[in-house]
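All remarks here apply to the structure that follows.
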Amino acid sequence: MKHIVQIPSFLKTISKKGAAPGTLTHVGLQKVKKTHLGIFRYGKNDCEEKQITKTKDLQEKPNTVLWLNLDGLHDIALIEEIGTRFALHTLLLEDILNTGQRPKIEEYDDCIFIVLKMLHVTGDMQFSLEQVSLVLKDHLVISFHEQPQDVFDPMRERLRKGQGKIRQLGADYLMYRIMDSIIDGYFSGLEHIGDRIEEVEKQLIDKPSDAVIQKIYSLRQQMLFLRKAVHPLRDVANQLQHGECDAIQENTAMYFRDLYDHTIQVIDAVDTYRDILSNMLDNYLSLMSHRMNSVMKVLTIVGTIFIPLTFIAGIYGMNFRYMPELEWAWGYPAVWGVMLTLTLTMLGVMKWKKWL
Amino acid sequence: MKHIVQIPSFLKTISKKGAAPGTLTHVGLQKVKKTHLGIFRYGKNDCEEKQITKTKDLQEKPNTVLWLNLDGLHDIALIEEIGTRFALHTLLLEDILNTGQRPKIEEYDDCIFIVLKMLHVTGDMQFSLEQVSLVLKDHLVISFHEQPQDVFDPMRERLRKGQGKIRQLGADYLMYRIMDSIIDGYFSGLEHIGDRIEEVEKQLIDKPSDAVIQKIYSLRQQMLFLRKAVHPLRDVANQLQHGECDAIQENTAMYFRDLYDHTIQVIDAVDTYRDILSNMLDNYLSLMSHRMNSVMKVLTIVGTIFIPLTFIAGIYGMNFRYMPELEWAWGYPAVWGVMLTLTLTMLGVMKWKKWL
Amino acid sequence: MKHIVQIPSFLKTISKKGAAPGTLTHVGLQKVKKTHLGIFRYGKNDCEEKQITKTKDLQEKPNTVLWLNLDGLHDIALIEEIGTRFALHTLLLEDILNTGQRPKIEEYDDCIFIVLKMLHVTGDMQFSLEQVSLVLKDHLVISFHEQPQDVFDPMRERLRKGQGKIRQLGADYLMYRIMDSIIDGYFSGLEHIGDRIEEVEKQLIDKPSDAVIQKIYSLRQQMLFLRKAVHPLRDVANQLQHGECDAIQENTAMYFRDLYDHTIQVIDAVDTYRDILSNMLDNYLSLMSHRMNSVMKVLTIVGTIFIPLTFIAGIYGMNFRYMPELEWAWGYPAVWGVMLTLTLTMLGVMKWKKWL
Amino acid sequence: MKHIVQIPSFLKTISKKGAAPGTLTHVGLQKVKKTHLGIFRYGKNDCEEKQITKTKDLQEKPNTVLWLNLDGLHDIALIEEIGTRFALHTLLLEDILNTGQRPKIEEYDDCIFIVLKMLHVTGDMQFSLEQVSLVLKDHLVISFHEQPQDVFDPMRERLRKGQGKIRQLGADYLMYRIMDSIIDGYFSGLEHIGDRIEEVEKQLIDKPSDAVIQKIYSLRQQMLFLRKAVHPLRDVANQLQHGECDAIQENTAMYFRDLYDHTIQVIDAVDTYRDILSNMLDNYLSLMSHRMNSVMKVLTIVGTIFIPLTFIAGIYGMNFRYMPELEWAWGYPAVWGVMLTLTLTMLGVMKWKKWL
Amino acid sequence: MKHIVQIPSFLKTISKKGAAPGTLTHVGLQKVKKTHLGIFRYGKNDCEEKQITKTKDLQEKPNTVLWLNLDGLHDIALIEEIGTRFALHTLLLEDILNTGQRPKIEEYDDCIFIVLKMLHVTGDMQFSLEQVSLVLKDHLVISFHEQPQDVFDPMRERLRKGQGKIRQLGADYLMYRIMDSIIDGYFSGLEHIGDRIEEVEKQLIDKPSDAVIQKIYSLRQQMLFLRKAVHPLRDVANQLQHGECDAIQENTAMYFRDLYDHTIQVIDAVDTYRDILSNMLDNYLSLMSHRMNSVMKVLTIVGTIFIPLTFIAGIYGMNFRYMPELEWAWGYPAVWGVMLTLTLTMLGVMKWKKWL
C-alpha cells in the first residue's frame, strides 16, 4: 500500500498567518527562475510584441488593446510596480500572489479580477493545478501565471497574423480567449484521465491486485480535488455570460455563454468519471464477494462431509486392545456402509437446503 | 469479468484543442456516407417536398412554413453555406458540428437554437445517443441530424396528407412535433430497458453468476449516462413552456407544457430504473451474505465438534509401546464415553449461545 | 428468491409511440366492463342524482353545482363527446386517457385540470395506483376514474342529505372534497403498510429467512414507487392553497391549505417508513456480521489449537519400524506434556491478542 | 433481537377516514382523565388565576392579557364551546384535536395558530412527543395540551410574582415564553440522550453485544423521528422572527429571533447525535472487520501448514503390509525432513506474499 | 477500543433550563481566574492602551476608535455594567454569556452583534472551539473572549506602532481585523490537522491496527464538528460583505469580501479533509477485503485437496482384522494412485472454475 492520499498542495498554501491584509507575500512554490513580463499591443491593423522589465513608462494608445503577461510570481517588487501603474487594489495584488485561491470573479470599481486554475497533467496518474489571475480594465488585460504556458501559443500566433476576429474585438474578447484556452486544457486533461481509467479497468479485470485498487482510489480522490477546482468556475462563467459586468460588451457576452457551456461539460465529465470509478469499484467488490461465497461454500461442503468421515476412520485406527468391532469379519464393510450412508444423508440435506 | 464501463463516446468528443472559437470542425463520428438535404414547404392547403443540394436559391414564400432537414454533419462547406444563407451565428454552427454537446436551448437575436439527444437502442444492452440540432427562425425550422431518422416518418406522412393540426399551425408547432418525436423515442427506449431489467432479474434469481452481476452494473452505469443526457432536457422544455421565447406563440406554449410533462416522465422512469437496479443488487448481496452466514455456521459447528474428537481418536492411534490406557479392558468404551460427553457439552454450549 | 422488483405498470404505459399529439387513445388497462356516467346536480336546497349516457343535452341551471362522474376510460367516443360539450382542450382529454401521468395541475383558459393517483391496497403486500382526473370549470366538476370508487360514498351520502357545508359552497369546495377523499385513502393505505412493516419486523427477529429479507426489500421498493407518486401531489396542493388559481374562491383556499398539510403528512410517513425499513435492514445485517464474527472466532480458536495437536498425534501413529520415541518408556507422557505446553502457550497468545 | 423499530404512534394517528372536514373528533390517546381549563389574566399590576369550566361568560378587560390553558383534549364539547366563544375556524379546532399534526404555523384572519411538539423523556431510551396547540388573538393566548405540563411552572411563578418583563409585555410575548419553555424541554431531552449515547459507547467498547448494537440502532431511529418533529419548527420560528405576522409586535420579534436561534441549535444537536451514532457504528464494524481479518488469517496459516503435514503422517499410519518406506532405517527421519522442508517452504511463500 | 466519540462540550452547554429569557447566567467553563478588561483608543496619530476595571467613566472622544476587550466571561456584574454603559440589549448579553452559541450575526437598532468560534489545537488530535463575541457600535468595538488570546498580538503591535491602514480606518475595519485573525487561526489549525492526517495515513500503511482505524474515525468525527462550527461563518461573512449592514462602510465591505473568500477556503479544506479520510478508510477496507479473499482462497484450496486425502489415509490406518486391501501387494501404490488421480482431478476442476 503506497501513499495515495497526499494532502493536496493547495491546501498547504492557504495559510499566511498573522500578516496584515494587504501585505504582499508570495504564498506558493517558485516554479520559474526569472519572471518574464511581456506585452502584446494590437489594433485592427497592427500588432506589437515585446519583453519589458517595468511598466512605468507604458503609454496608452487609442484604439489598441494591451495585453500584459507576467510569468512567475515571486518578484513582489515588480507586481507592486504593476499594481501602482494600473491602480490595482492591494487585496487584488495579495490574491494574485497567494496561489491557494479558489476560482473566483471579483468586480472592483474600474476593473474585473478573475482567478482561474489551469490543469496540468504532470505524470501518468498525477495532475497539478496552477493559478492564473486575470485583470480586465478598459483596453487592458493583465494575466499572471506561475510559469510560462504553451497553451496560449496558438492564440498568440493568431494575434500576430491577425487571423480571425481577435484583432477586431476588444479586451473583453481577449480575456475570453485566454479563459477559453484554459478550459480547453481541462478537456485534454480529461481525455488523458479517461485513458487512464480505461487502462485501470483493463488491469482490474485481467490482473486485480492491491496496486490496481489503490490506483482507482487515487483517481477517485483526484476527481474529488478536480471537482472542487472546477465547480466555482461555473459561477465565474455564469456571471460573465449574463453580462452583469459592465466591462463585457454585449456581443462578447455570447462567447462567454459558450464558455459557460464548456465549463458545464467539464463538470459533467468530472462527475461522470467519478461515477464510473465508483461503479467500477462496487462492481469489483460485488464480484469478489460473489466468488468468495462460491469458494467458501465448496470448503464448507468438503469439510462438512469429510471431517466426520475422518473421525470415524480415526476411531478404528485406535490401538485399544479390546475393540470388539475390529475383530468382526464384517466390521470393515460395515464401516464403509456407515460412511456411505452418512455421506448420502449429508448430501441429501445439502441438496434440500439448496447448497448444491 | 468483461469490460463494462467504457468511457462513453460523448466524453471523447468534447475536445477540440487549440482551435479558435468559431472554427468549424466536425467533432464526432461520420455516421452516414453522403449528406442529404431535404426541404418540406407547406401552407394550409399545399405541401411541397424535395431534395436539394444548396440553399442559396431558396426563396421565402408568404404563408408557408419551411422545414430544412440535413442528415449527416461532415459536409462543413454545406453547413457553412446554410449558415450564410440564413444568417446563423458561427458559434451556433460550431455547436451543431460538435456532437459532444449537452441538450440546451440558446436564444439568438433572431432565432432559437436547440440541441437535443436522441436515444437509440443499438443492441441488446447497448444504447447510443445521437445529437439533433434545431434552429427556429420566423417561418423556418432547420434540423441537423447525424444520420437519417425513421422516427420522423409518421410526422412526415401527416404533413404530406395534411392530417391533424400540423399544417394549420406555424413553425413553432413543427419544432414541437420534432421534439415530441424525439422524446417518444425515449419512451420506446425505456420500455426496451425495462424488459432487459426484468430479464436480468430473472437470471439473477434463477442462475446468479458473475455475468449477471456485471450486466446489472452495466445497466446501472447506462442509467447514469442516460440521466445526464435527459436532465438538461427538462430545462429546455421548461424554458419553452413558459413562453419566455418570443418565437413561441401563445397557443403553441400549451404543447410545450405537454412536452415538459413527458420529459419529467422520462426522468422519473430513468430514476426509477436506477433505484430498481440498486435495490436488486442490495437485495442480492444481502441474501448472499445471509446464506453465507448459514453455510459458514454449519462448517463451524461441524468443525468445532469433530476436530477435538478426531484429536482424541488420533491420541489412541499412536503406537507408543507404553500406553497404559490401551491395555485397559474398558479403555475403548471409556473413550467413547468421553467423546459423547464432550459432544453433548459442546452442543449444549452452542444451544445456549443460540447457534442452533 | 422470488421476483420482487417488477417494473411498475405505470412505467409500462407511458409509451404511445408515433401518434400525433391530440390523438385520443386509451393507454392503460381496461379495469371495468362498461363505463358509467353519473351526474349530481345540487343547490343549497335540492340535489338531483342520475345516470346518463350522453352529455349533449345537459343544461346549465343557475345557482347549482354539477358533478359529472365517469367510471371507466375506454369509451373514447364518450370522452370525446364530453370534451366537445364542455369545450375541453384535446391535450387535456389525451392526458385523461393516458393512465401513466404523474400527479399534476394545469390551468387552461377557462378551467383547472388536475391529475391525481389513488392508492389501492390490492393484496397483502401489494399496492396499485389508479389515476383520477378532475376538471373544474365554473359551476362544474368532472371526475374521470378507471373504475368505480367506494371512497366517495360517504361524501355522496352527505351531498344527498345536505349535511355539512358541501351544499352551501361552490364547485371548488366539491373538488376539494374529492381530493380530500383521495388523500384519506393514502392514510388508510399507509396504516396498512405500517402493519405489514411491524409483521415483517417480527418475522425478521423470530425467524429470519430469505423470504423475510426479500419482503423488506419489496416493501422498500414500493415505498420508492409511492414516494414518486406522492411527491408531485405536494406541488398540486401547494398551488391550490396559495389561491393562484382564479377558480378557487378565497374562503375555499383555507381548505386547500388543510389538504396541503395532509399531503405533507403522507410524504412524511412514506419517508419515515423508508427510513424504518432501511434501518431495520442495516440493523439486521450488522447483527449478522457481529454474530458471524463470534462464530468464526470459535472455529478459528478450536482449529488453531487442535489441528497442530492432531498432527502430533498423527506423527506417533506412523508405523515406521525405527521410531525411537515409540520405544521410550516415558514417550507417551512426554507427548502429552508437549501437547499441554503447546495448548497453554497458544491459549496464552490468544489471551494476549484479546481473542478470548 | 428485540423489537426496535416500532412504527411511531404519531404515524398511527394521522388517519381519520371518511369523516367530512371540520368534523371534530379526538384523534390520539386520552392521556388525562379529566380536562382542566384554567385562566391567567394579568395586567401590569395585577394577576388573576382560576380554574373555570366554561368560557361563555369570560369578559374582555382592557389592558389585560388573558391566557386560557386547556389540559386534555377529549372533551370535544368544551373545545367546541371555546371555538364558538372566540370565533375559531372549524379547521383550526380539527387540527387541535388531531394529535398527529406536524409543527406548523397558520395565519387566520384574526388569529395565529401554532402547533408544536413537546419532547418527553419517558424511559431510559424512550421519548415521546406531545402536541401543544397555541392560538394568539389580540390580547388572548389559548394553549391546548394533551396533559398538564410541569415545564410551564417557573413561568407561571414569574407571572404570579410579576417578575421580569412578562407582565409588562403583551400576549405575543406570553406566546413566546410558552414556546421558549417547550424548546427548553428539547434541550433537557437532548442532554439526556447525550448521556445515553455516552453510556452506549462505553458498553460497545467494554462488552459489545447484540443488545448494544440494537440500542444504537434504536437511538439512531429515534434521532430520525426527532429530526422530523424538529425540522418544521424552524420554519415556524423563522416566520415569527421575520415579523411577517401582524400579531407580533416589533419589539417582541427580537425574542422570536432568539427562539429561532434555539431551534437551530436543537436541529444541530439532533444532526450531530445522528452523525455520532453513525460514526460509532461504522467505527465498530470496521474494527470488527479488521479483527476478523487477523483472526481468519491465523486460522488459514495454521490450517495451510498443518493440514498437509497431517496428511503425510496419515500416509505412514496406514497398515498396508507392503509399504517399503516403513522398513527403511532412515524412513522416520526422512519424513521429518520432508515435513520440515515443506513447512519452511510454505512459511517462505507466506512471507513473500506478505501474510506474516 | 478507546472512547472516541465524546459528546462535544458545546452540546452540553446549550441548556439553561427554566430561566427566563434575559436572565444573565454564564453557561460554560470558567477558563480564566480573573477577568481582564482592557481598552485601546486610537486615532490617526495617537494610540492609548490601558487596563480598566469599570466602564462607567469611559468618555467618547471625537475622531477616535475605542476597542474594549474583555477576557473571561464569569464576572456577570461587569458584563451587566458594560451592557448598561453602552445600552446593549439583554438578549445580546445573554448570548455573550452562553458559550454554546453557533456563529451568527444579529443586527440591533444601533449595533451589530457577531458570535464566532475560535479554533484551538489543544493536543495531538484534539481541538477545542472557543467563543468570541463582537459588538460594533459607532466608533466602538467590544470583544468578549473566554480567555486571553495570543492571535491578536500582531494586530495590537500594528495598532501601537501605527503600521498599515488600521489607524486610518474606522471601527468596522478594526472588527474586520479581529475576525480575520480568528479565521487565520483556522488556517493554522487546518494545517496541523493536515499533518495529522498524513501521519495517520503513514501508520495505516506501515502498521495498520485498531488504534489507527480509531484515530481516523476520531479525526473524521472532528471534521464533522468543525464543519458545523465553520458553516454558519459563511453566512456571517456573506451578510457583512454585501454591505447590508449600515455600520459597514463601503470601502471596508471589500475587506469583508476577502474574509468571505477565506471562510469559503476554510469550509473547502474541512470538506476536503473529510473526503480524504473517508476515501482512506474505503481504500483500506477494500484492500483488506481483497487480501482476505486471497488468503481464504488458499485455505479453501489446501483444505479441499488435503481433507479428502487425509480421509483416505485414515481409512487404511484402521485396524480391522479383515481388510483385504491391506494384504494386497499393490495396495499401497494403488492408494497413492487414487490419491494422485483425485488431486489432479480437483486441481483440474479448480483451474476450470478459475480459482487458480
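Lettered A, B, C, D and E in written order, each chain numbered from 1.
Simple rule for what comes next: contacts are C-beta pairs under 8 Å (C-beta built on N, C-alpha and C of every residue); 3 or more make two chains touch, one makes a residue touch a chain.
Quick caveat, the model's predicted, so the values are computed rather than measured.
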Enumerate, in label order, the chains that touch chain A and chain E alike.
none
Copies chain E and chain D - interface residue numbers shared by over half, same or different:
different
Using the average of all C-alpha atoms in each chain as its centre, how far is it in Å between chain A and chain B?
25
If you average the Cα atoms of chain B and of chain E to get two centres, how far apart are those centres in Å?
40
What are the residues of chain B that contact at least two other chains?
289, 291, 296, 299, 303, 307, 310, 314, 317-319, 323
Quick one: which bits of chain D touch chain E in the complex? Just the residue numbers, please.
151, 154-155, 158, 163-166, 176-177, 180-181, 184, 187-188, 190-191, 194, 197-198, 201-202, 204-205, 254-255, 257-258, 261, 264-265, 268-269, 271-272, 275-276, 279-280, 282-284, 286-287, 289-291, 293, 296-297, 299-300, 303-304, 307-308, 310-311, 314-315, 317-323, 353, 355
Can you name the residues of chain D that touch chain C in the complex?
1-8, 11-12, 14-23, 89, 91, 94-95, 100-102, 104, 106, 108, 208, 210, 213-214, 217, 220-221, 224-225, 228, 281, 285, 288-289, 291-292, 294-296, 298-299, 302-303, 306-307, 309-310, 313-314, 316-319, 323, 325-329, 331-332, 335
